[in-house]
């Protein structure tokens, strides 16, 4: 028998860790009869880009999940179900990533970018559902925790909006939406202290 | 050296987390020369359905495993072996899921649905074996735990019966059995409070 | 910062859990154009057999690893390296399993059975190396632990011998060696109490 | 709610465990119609070599990560991000490993060896970034820990240099660079006590 939330975190960590590691399996190994290896490797750039974007997205999501659970005191069945809903989104990421990698630069790139960004919007919404429920029913009853939680609530609203904007951008210009994905990933990967110096706020900046 | 059950839970969490995450690998990535990407993606609906059903099944199974172990005080060799038997069933899930996804709507759909539901019946039986053994030999010796355990014992009997009914349904009507699978998954995913308001009981409702 | 052995166990649990779950990926999904699904599924029996054998082997190995570490008090660098050597063997299991599944019943079945059993002999030897080192340098300094450790040392010697016998058998008769693998797996999966009643001892019977 | 660094370690352990276990999936299963199984298996030696090299690399990296975190007291956002950067490198390893396995002995072997060793140089640099940041901001404030940390800092500088040397060697002679990789892996796998007797120092020798 472990503490209640410890096992939820362990299971979630497992799912995050596996989803982030499976991404590499979607990159194809060039076979020796495909000609010059350097050329074949370079031609696969959409695979590397999609891998990096999805790695950044899942990684930042894990950091936020980790931070969220440092504020959570107890589990309810509903919390478990909402957490599973978030993990459903996370485990699905390798699929839209591979679709984007296979179709970027081809005739299906708009569809692929829409599928890719839709997944991220849905995950961001699931994350907000989980957080809102937890903030209402499962938090540590300390003033500091409650104040942090309020700040986080405001910041987490930004996620769905930003990925929603990328989704809408993809309707008009696929390259611009991918560039926005890259910018978002870099932005989220910056340490909060740098962000603070730049005068910006972000979900990671607890 | 960790606590005895902690490592069983950690290992089980790992297996559940991997089995639930591997499901996505069975969904094929449409290649650019398969024509219109939207059409190809939509035509793959049995894959998405099978993914969602298996995700829900493993997810709910994990929640119940988690709840079961909050009542377990100590491990015996037999508990370890019965737990491995359950995990054997859980790790097998990606195979019948992929078989169902590949054959739903084709001539092999009856066989695929039978294989799929048989797996779930077997897992539900293994789960009952594990629970019955644990309830007899490994529980916390507190009144509250023992009372909860008795209630759970009755509720867990329902699992094999319901998936058995889906299995029999598949013999006559594959679509109806898949619809019953969807209904079961949705039912199990409802938070217990909603179920209680609807006047229904379910295994998740501890 | 966690306890020293806790993280070794967590990492090992992860590797065991993943190796045992990846086995299912080696079973091929029959495609709709391979004809009657029942026939195709049944014809794949070597895959199911190999899956079950390897699952039982890794599962029992994990139970023993778990039991071993309940007696271990501290880690040294050499323990970490010997543990990695054991994990090297465990992660390799999906490969000989798939080779056996692909060649059982064909002209390469002798080679496949030799590769399969060699892997198990090597893992059993690595397990003994790890245990012998741990028994000498890393144990809890309690009388009960030391006595258990001595008994375990004798029992663990049996593993390499039994799988060595299967290996030699495969040279003469592949079917007999596979039958011996099945018998060993069933024997190891029996709860120790049953084994004791039958008047037999086994590694699992701590 | 778990301790802060416990979950970072759990997530990292998961990623290391999965990356090290996925390596085996890149080794192809010879099909029965490829002729004599022994010959086909032996011809795949580059796959086994690449598997062993990458296993050793990730395994030793995990041992060092484990040792590093025994000295770390608290987490900051920047530590989480730098840790993710290291894990990005670790999850990528199966790809260059498979590229090396597929091209060793063929016309693309120079490119493959360069890609392979570049990955290792990059990971070694990420590891140093993480360690330097941790040593400055996140350590246990005990004299013993601080002294160990200083020694480790010097030793960790060696990693990027040695893999950098392998990278440069690959430009002139691929076989020599692979031999150097093997020598490095064996060297790192030696227990520190043996290394000390030989009068050598190494990162593992804390």
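For reference, chains read A, B, C and D in written order, and residue numbers begin at 1 within each chain.
Everything below uses one rule, namely that contacts are C-beta pairs under 8 Å (C-beta built on N, C-alpha and C of every residue); 3 or more make two chains touch, one makes a residue touch a chain.
Note that the structure is predicted; figures quoted are calculated from it, not measured.
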Legend entry - Residue-number overlap at the subunit A/subunit D interface, same or different (half cut): different
Legend entry - Chain at maximum distance from subunit A, centres defined as averaged CA atoms: C
Legend entry - CA centroid of subunit B to CA centroid of subunit D, Å: 37
Legend entry - Centre-of-Cα separation between subunit D and subunit C, whole angstrom: 26
Legend entry - In subunit D, residues with contacts to at least two other chains: 10, 14, 17-18, 22, 25
Inset, instruction - Could you please specify the touching residues of subunit C with respect to subunit B in the complex? - result: 3, 5-6, 9-10, 13-14, 16-18, 20-25, 27, 29-32, 36-38, 41, 51-52, 55, 59, 62-63, 66, 69-73, 140, 189-193, 204-206
Inset, instruction - Report the residues of subunit C in contact with subunit D in the complex, numbered from low to high. - result: 1-2, 4, 7-8, 10-11, 14-15, 17-19, 22, 25-26, 77-78, 80-81, 84, 87-88, 91-92, 94-95, 98-99, 102-103, 106-108, 111-112, 115
